[in-house]
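Quick one: the structure is below, and I'll ask about it shortly.
Each chain gets a letter, A, B, C and D, in the order it is written, and its residues are counted from 1.
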Amino acid sequence: MNSLGRIFRIHIFGESHGPIVGLILDGCPSGISLSIADFFIDIQRRKSGAAGTTSRLEEDMPDIISGVFNDKTTGAPITILFKNTDKRSVDYESLRNTPRPGHADFVLDKKFKGFNDYRGGGHSSGRLTLCLVAAGVIAKKILNNIFIKAELINAGGNENIEAAIAKAIEQQDSIGGIVECRVSNLPIGWGDPFFDSVESMIAHAVFSIPAVKGIEFGSGFKAADMKGSVHNDAITNSLGHTATNHSGGINGGITNGNELVFRVAIKPTSSTPQMQNTWNKVSDAMEPMQVKGRHDLCIALRVPVVVEAVTALIFADLMLLQSIDK
Amino acid sequence: MNSLGRIFRIHIFGESHGPIVGLILDGCPSGISLSIADFFIDIQRRKSGAAGTTSRLEEDMPDIISGVFNDKTTGAPITILFKNTDKRSVDYESLRNTPRPGHADFVLDKKFKGFNDYRGGGHSSGRLTLCLVAAGVIAKKILNNIFIKAELINAGGNENIEAAIAKAIEQQDSIGGIVECRVSNLPIGWGDPFFDSVESMIAHAVFSIPAVKGIEFGSGFKAADMKGSVHNDAITNSLGHTATNHSGGINGGITNGNELVFRVAIKPTSSTPQMQNTWNKVSDAMEPMQVKGRHDLCIALRVPVVVEAVTALIFADLMLLQSIDK
Amino acid sequence: MNSLGRIFRIHIFGESHGPIVGLILDGCPSGISLSIADFFIDIQRRKSGAAGTTSRLEEDMPDIISGVFNDKTTGAPITILFKNTDKRSVDYESLRNTPRPGHADFVLDKKFKGFNDYRGGGHSSGRLTLCLVAAGVIAKKILNNIFIKAELINAGGNENIEAAIAKAIEQQDSIGGIVECRVSNLPIGWGDPFFDSVESMIAHAVFSIPAVKGIEFGSGFKAADMKGSVHNDAITNSLGHTATNHSGGINGGITNGNELVFRVAIKPTSSTPQMQNTWNKVSDAMEPMQVKGRHDLCIALRVPVVVEAVTALIFADLMLLQSIDK
Amino acid sequence: MNSLGRIFRIHIFGESHGPIVGLILDGCPSGISLSIADFFIDIQRRKSGAAGTTSRLEEDMPDIISGVFNDKTTGAPITILFKNTDKRSVDYESLRNTPRPGHADFVLDKKFKGFNDYRGGGHSSGRLTLCLVAAGVIAKKILNNIFIKAELINAGGNENIEAAIAKAIEQQDSIGGIVECRVSNLPIGWGDPFFDSVESMIAHAVFSIPAVKGIEFGSGFKAADMKGSVHNDAITNSLGHTATNHSGGINGGITNGNELVFRVAIKPTSSTPQMQNTWNKVSDAMEPMQVKGRHDLCIALRVPVVVEAVTALIFADLMLLQSIDK
């Protein structure tokens, strides 16, 4: 299902080498100011071009074709299209019989019985994260004075990101990284016990982002090694402020009024320039191959704005759901 | 929303100190053998009684009141009730004005404007994981020869679980742990790109379990430090078997036919016997308090069967969804 | 799926001749007064006992086992159970091979491959409308000063209900009827264009009630014969009041502030005392049969309160959804 | 929510006078042949141009921008766009202060606080039924040898459609009609008791179509006047064929293997050429007005193919859901 959200819902569509990728955002309240310029900063943050990113350059100009009238949202579904322009499908023809290691080529072929658009990963391409970023821009507008900030705090095991990228370029091998996201100014009481816990909802959304392999809230995996007397955050006042924040701003699945903190593990880009072995469909044997096409050496560089976007989608949905209780 | 699943759906209800907790399982196919004895092993695995677990002892006898006829599922919703018998509400009266650190007491009071059943955590109690375990038993039956096995591989930072528990008892402080779950014999092609990735669905379900603060698939957070040439799992044959399994059995959100592996971080039980400080609602000041009631020193001991259960729920749902494509 | 609603959700379960039927109501706000006495009037209205209704007499005492604490809703799922006491399963044994005309016996056997609980219609029994009525009581409380009133305006083609029933008893044949429902004091603006139109949502809910075969809003089927200049309701003031109400209070799927009016067609009870022919599974031939068991001659008598209930469920959901826009 | 379906899901978007209307179809299996030519017949059937239809002429050429590769569905979301070309927004400027009787102008203005795109009804326009028709084409392909046929059997109370249209043109007043839909070759066992009864699902979808005010299955409202011994359809053989079909092919909400039959009441087009009275927002008084723009005198002429389309959407969803049980 290419949809997320209960009240504030996103639907995404398109393929890496099709004409267009895009999204519908349904359930957005009317009367919110929205123009193309609102999207530029976040789209720019996701773009390639820096060292360690792909040489595929897309204009990524949003075309708002519904749901906005006189620069305000109307309450009807908002549809935004992005053209795919700089695609070179020929790069992928040779890969049809040699599924790339770490990629979804093999499983997509099986799942869709060979009918999937295999070019550039088709619908599974990271290109669709552009749609997530665009929806996130609108979600952030709804969230007003709730601030979401994600950044890459570690790449290839190195806290010096630039040095890590330089080394990856030198070694011509892809690397991963850790993205940390912080949300401030959240009210107390968003989220539910059990299935709609804030952790459940955020994790669901964050694992939608390709290359994510782990998530932890607050002290996360370190909490498993801590004693209760240390991990518990002492409540200090009637606003629920706590002396420490090992819980990462969530108790029992519900926001507690402190900063929400989580970290996300990004695996190294599957498309490394290194020679690799894979099974060849025609020869039915393992063979060396090298991934062609234009790829990011460190996709993690481009992930923070996507993490912000899906986090914003979840909290915009929670804000609208929460308004019900008032 | 106290519901999970698209086709195979669970709804849970009840409070720690109410008369009954229970569940509905809707969407279960007809004709599956089911009797009370099927539940005993997993319910026993979740039970307290061992060193480091609470002294609250419940019989936990499932009462199947709908959806089963002549020991077979009928296709109608299956409802199972569990009586709460060994409850001592008096323990909790004194806590109304002193929200326990690390617990949801404070946020529940705010979220529900003081109307929540505060006794024993009310609806947010770990007691409701009994309902998850019961549903998991049915899900496992549907999954036939797909095997799900979770175990506690680490407690309080110690890989020797018994030693860790002994130390926690000696120190009278609660501890956490790491649960690892492995699923074997999964077919290729379950899950979807983006929002319904297997990681999204499993993480959603696993974060429903109280005390879970992190999850990672395959190499997980270690993947962030690896190079692509190392992390990528080489496909070795037409069945998709890979030489390594850093991806944990999932590519692009979709099962790849290898063993699915994930690890879950469990924080130390919030109810530690140690003295702690918390804000007192009456005095509006911080005061020392000690959590009364009967609690687990290491709740992580009882979590593996719950992790298995929610994993089984997700895969039973995916199995039913998958049958659509055939 | 035995569930209805987006925010205010009902789940129903149980069988006619099982131990219990019941419901979960999830998404109900906290702090609403609720006690067993609240249910008595509507449950009584649904009860049998009058001329033309079945001699099966159930106590129908609601047992609220979760979601209510100190006579107020807590915000957690509300679960209500009803015991089945006056059941005579022996009546149904002879029917296993002779599917009753007009009943679901035949299709349930096929759909569930013979595993369904066939006694008294099993999960498909009209007995489960008791759960709808109970949920409706809570929904009506939420709706405050919005008033929902349904009544039987016609039975067996006769506007004199008593005379119609007397004739049915004399002829020993079942009859149907028309239920009209009116909702007053609805605000302007509930419902959505297209799939979540108020007509779509109400029709969806009303056709959940066994024996319903038609629904029409406002002038309904008569509108098909009218000219636009006659059918259009002239808006007379800033509150949207209209000079006529051919649209039944809905324009473009959205409430317009006038009285909502719809009518529902109820077919005659399938279990007529008359001899009928049906296919016999054993002989594989048509044979005469007579429906045993205790049945209503005019089930339509008991339907108005059920129509009110499902209408209240829909509007409670719309009210909670609507609060989002504010 | 601009979405319909559980497994086979449609999302619609766009406004009457925006650049584009369109749809996403998510959950469509891979490998189904699909090209632009497949859409021509049904799109043509919906088109205006005949006597009694609007003079707005759109090319309605579908642009498939995702989900289809080499003329086969890929399993990814299918997105189809239609350009709006022949629009004259100037016609609607004068209507801003005079909500048209029978239209949604007044309620949309209230619901969306004046931010809705009011031109030509905006997102509520009948133009979006084009998206339903396009989705219906794909649904019909999935349904293979299940045949859905809807036709206008009555217009303005006259069974001679041509005569009725001629009279409406002469009188310069809009008229309604009755559409009957028949579905043959349906298997036994689709649909569920209660909330997902076939009647509930079809009625939900059919009331999504603008101007629909009633629906009845089988004998429908006439059933209310019949005796049980007459209404019950005698089962004649092991295939479930019945001697009569008063139930319209559905028992207990579930298909019974006989022809499915329902009728839909279409109100007269709200935009009649006649002078009408309405409240004027500026003068706050009732005033005469005449609807400008280009409109259908008998929108019912164009509805049958839309009824077929939404019926196909529901049955395609049920077919995919049903495959789960096998």
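We adopt the following convention: contacts are C-beta pairs under 8 Å (C-beta built on N, C-alpha and C of every residue); 3 or more make two chains touch, one makes a residue touch a chain.
Everything numeric in this text was worked out from a predicted model, so none of it was measured.
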item	value
Chain of greatest Cα-centre distance to subunit D	B
Pair of chains joined by more contacts [C-beta pairs], A-B or B-C	A-B
Inter-chain centre distance, subunit A versus subunit C - centres from mean C-alpha coordinates, in Å	45
Averaged-CA centre spacing for the pair subunit C and subunit B, given as whole angstrom	37
Whole-Å gap between the CA centroids of subunit A and subunit B	26
In subunit A, residues with contacts to at least two other chains	1-3, 6, 12, 30, 76, 111, 123, 193, 325
Residues of subunit C defined as touching subunit B within the complex	1-3, 9, 11-15, 18-22, 24, 26-27, 30-31, 65-67, 69, 72-79, 111-113, 115-117, 122-123
In the complex with subunit B, residue positions of subunit A that touch it	1-4, 6, 12, 99, 101-104, 106-108, 110-111, 121, 123-124, 128, 154, 156-157, 168, 171, 173-178, 188-189, 192-197, 199-201, 203-205, 207-208, 210, 212-221, 223-229, 231-238, 240, 242-243, 246-248, 251-256, 265-272, 274, 276-279, 281, 284, 286, 300, 325
